[in-house]
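One chain, subunit A, links the two complexes that follow: it is found with subunit B in the first and with subunit C in the second.
And then the complex of A and B:
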């Protein structure tokens, strides 16, 4: 059970870590100042949540590693994030589409985790769920605004949805880790989140005048670590650069 | 003789929030508990937002303030449950925020009035502001931008 729990906590923490890093790449580059600040704040929330998830992962593992060690000293094959969150930022619309597709899942997952039989997990979820709610409000609004915007913004949002939708299916595929945590009441069966997720997506896409791709294909391999996309390695060379170049460096 | 807890709460109420110095860490509702454990003072704080960079500064400021009062044995710990809510903001804190130009949080989800001219004709500029705990609004009457303390 300890191995499964560690694995699960890495999945939660790696999602927020990798997405937080991706979103932080916008700092100083967003189309307008307000969006720059909003993206930086979102990234900050995600990194803060990462400290809690990976902090608990390190504690559960009991191998004398810290949250920082897990974030900065693991290599690609040890990361357990969804493939969706490691995908490149693309344009602003693509970044916000990725954010919305993640936020809608993240909120449902965190809401379910507030009932976890593991009180440490329930506490982190109760803290993070307020932030996720706020993120979803903004990303959904932005997807609607840009989807139902100009011909150009609509075209870009539809292209982003077509590109990213095949990465959504991975969120709902259970494996042995999920089975054992679900049996212990620690985490939900991911498949049970799907109906509510799709209902939310359909409502927002209808309002955004965007069409969901007619495909059930799902890229997989991120949350199991079996095969990440090529993008994660490039991200890690940036994120982990300091600890790689100057091992053990501290503030 | 060790100072009593009421005295210590009073001292903590003089420790300003590093980002919004007109309110104290007690006004902000982030000091959750103060208790003696023998000759060791336990102070329990809770973060506002999980990634708020002010959290570590706040712990340091609390420790420094208590040391300045002669308390050498202080242990500061973090408690995340129950999660911080803006309901814990004191009435004094709310009034000071508004005087400072930051509209205090409201469950209705937006500021009640412009902190400068009191107009209720307001528009949201961005859901996020200069710190994780604030959003960016504008008054349509005096045309000034202002921060709104997000309600969570």
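And then the complex of A and C:
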């Protein structure tokens, strides 16, 4: 159980770490000042959640590693984030579509985790769920606004949805880790989140006048660590550089 | 100081009105947006507040340069919070400028096409993690030196924006000093980074206060109007006197062999920055001017479809609401 719990906590923490990193890449480059502030705020929330998830992962592992060690000193194959969150930012529309597809899942997952039998997990989820609620409101509004905006913004948002939709299915595929946590009442069976997720997506896409791609195909391999995309290695190269170049220093 | 060399405007208004206005300023009244004010006061303030706002916006870039490479999760979170604060300061300041009758978009266009300036300091590169410490400690430290007195400036909205900004800036300066402490207590490589950052940022920080008083042609009118509260040299001296002991505590050497305590004046004597470098940077020839302006122009141009899309959606929604009523 300890291994499964560690794995699960890395999945939660790596999602927020990698997405927080991606969102922070926008700093100073957003389309409008309010978006610079909102993107930095989102990234900040996600990094804060990472500290909690990876902090607990390190504690559960009991191998004398810290949250920073997990973030800065693991290689690609040990990362457990969804492939979706490591995808590059693309244009602002692609960034916000990725955010919305993630937020809609993240909120449901965190809501379920507030009932976890593991009180440490329930406590983290209770704190993060408020932030995720706000992230979802904002990303949904932006997807709607740009989908139902000009012809160009509509075209770009549809392209973003077509590009990213095949990365959604991975959220709902259970493996042995999920089975054992679900049996212990620690985390939900991912598949049970799917109906509510799709209902939310359909409502927002209808309002955004966007069409969900007619494919059930799902890229997989991120949350199990079996096969990440090429993008993650480059992200880690940047994120981990100082810790790798100056081992043992205190910052 | 995020606003440097702001050109002040002489006023050709009715002498009686001017005298009454000056009497209000001298009595310590706050001037509010709907009050009568000389045209020159308005123009000078638009330049100064606009330049300050632009500095906050461009100032995101040298620090944003290290967010993705911050060495720990905590440092990353702190830096994100700081850069987010700066964008927020830009927002308050643009709002303060808007009360004077200029829109944020107009000010932005003037930044992007080079008609308006931002602080020279943001045209220097951030090359190591210690630069995040130096920017917080020295650059924000110099900014605070200027902004604390501006809390008492005569224009109400600017004064209120400064009060909010100063609260956050002192947190920024502390986090910068904290980074420097860690670096100076760290490995040889970290100490080298810290000293290198000190060497590169010392004179550019001194330049933030603007040219020497003897060459500062715009100060007198602004000081009479309480748009500027202290002279450039007064603030620079205060900054040096405050910073030298902090550098000594860190074990860093200030790159000025002529720096010496002067008992008679109760402050340090120090070398002037190379003013020809300052004027080069102001004129667009600093190490990063081209990149900084290009980054802001790209953000604005690439974002046009987003702004247009959201505007079109808002109009459609408003039209649907009217149709439904």
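Methods note: the second predicted complex is superposed on the first by the 251 of 251 C-alpha atoms of A that agree within 3 Å, B and C clash if a C-alpha of one lies under 4 Å from a C-alpha of the other, contacts with A are read in each partner's own complex, and residues count from 1 in each chain.
Just so it is clear, a contact is a pair of C-beta atoms (placed from the backbone, for glycine too) under 8 Å apart; a residue touches a chain by one contact, two chains touch by 3 or more.
All of these numbers come straight from a predicted model, not from anything done at the bench.
Participant: For A:214, using the defined touch cut-off, is the partner it touches subunit B, subunit C, both, or neither? Pick first, second, both or neither.
Facilitator: Neither partner.
Participant: Identify the partner contact of A:123: answer first if only subunit B is touched, second if only subunit C is, both if each is, neither if none is.
Facilitator: first
Participant: Is it subunit B or subunit C that touches the larger share of residues in subunit A?
Facilitator: For subunit A, the partner with the higher number of touched residues is C.
Participant: After lining up the shared chain so the two structures overlap, which partner does A:34 touch, if you call subunit B first and subunit C second: first, second, both or neither?
Facilitator: both
Participant: Of the partners subunit B and subunit C, which touch A:230 in the superposed model: first, second, both, neither?
Facilitator: The answer is neither, since A:230 touches no partner chain.
Participant: By the touch definition at the top of the document, which applies to A:131: first (subunit B), second (subunit C), both, or neither?
Facilitator: A:131 contacts subunit B only, not subunit C.
Participant: Per the contact definition in the header, classify A:48: touching subunit B only (first), subunit C only (second), both, or neither.
Facilitator: both
Participant: Let me test your reading of the model: by the given contact rule, A:72 touches which partner, first (subunit B), second (subunit C), both or neither?
Facilitator: second
Participant: Go through subunit A and flag every residue that touches subunit B in one model and subunit C in the other.
Facilitator: Residues 34-35, 37, 41, 43-44, 47-48, 51 of subunit A touch both subunit B and subunit C.
Participant: Which residues, counting only subunit B, touch subunit A once they are in their complex?
Facilitator: Residues in contact with subunit A: 47, 49-53, 80-84, 125-130, 132, 136, 150, 152.
Participant: If we count contacts the way the header does, which residues on subunit A are in touch with subunit B in the complex?
Facilitator: Per the stated touch rule, the residues are 34-35, 37-38, 41-49, 51-52, 119, 122-124, 126-128, 130-131, 134, 137-138.
Participant: For a test of understanding, state which residues of subunit A touch subunit C in their complex under the given definition.
Facilitator: Of all residues in subunit A, those touching subunit C are 17, 21, 24-25, 27-37, 40-41, 43-44, 47-48, 50-51, 54, 67-68, 71-72, 91-93, 142, 144-146, 148-150, 152-154, 156, 238-239, 241-243, 246, 248-251.
Participant: So in the complex, which bits of subunit C are touching subunit A?
Facilitator: 57, 60-61, 63-64, 67-77, 80-81, 83-84, 87-88, 90-91, 94, 104, 129, 179, 182-183, 185-187, 189-190, 295, 298-300, 302-314, 316
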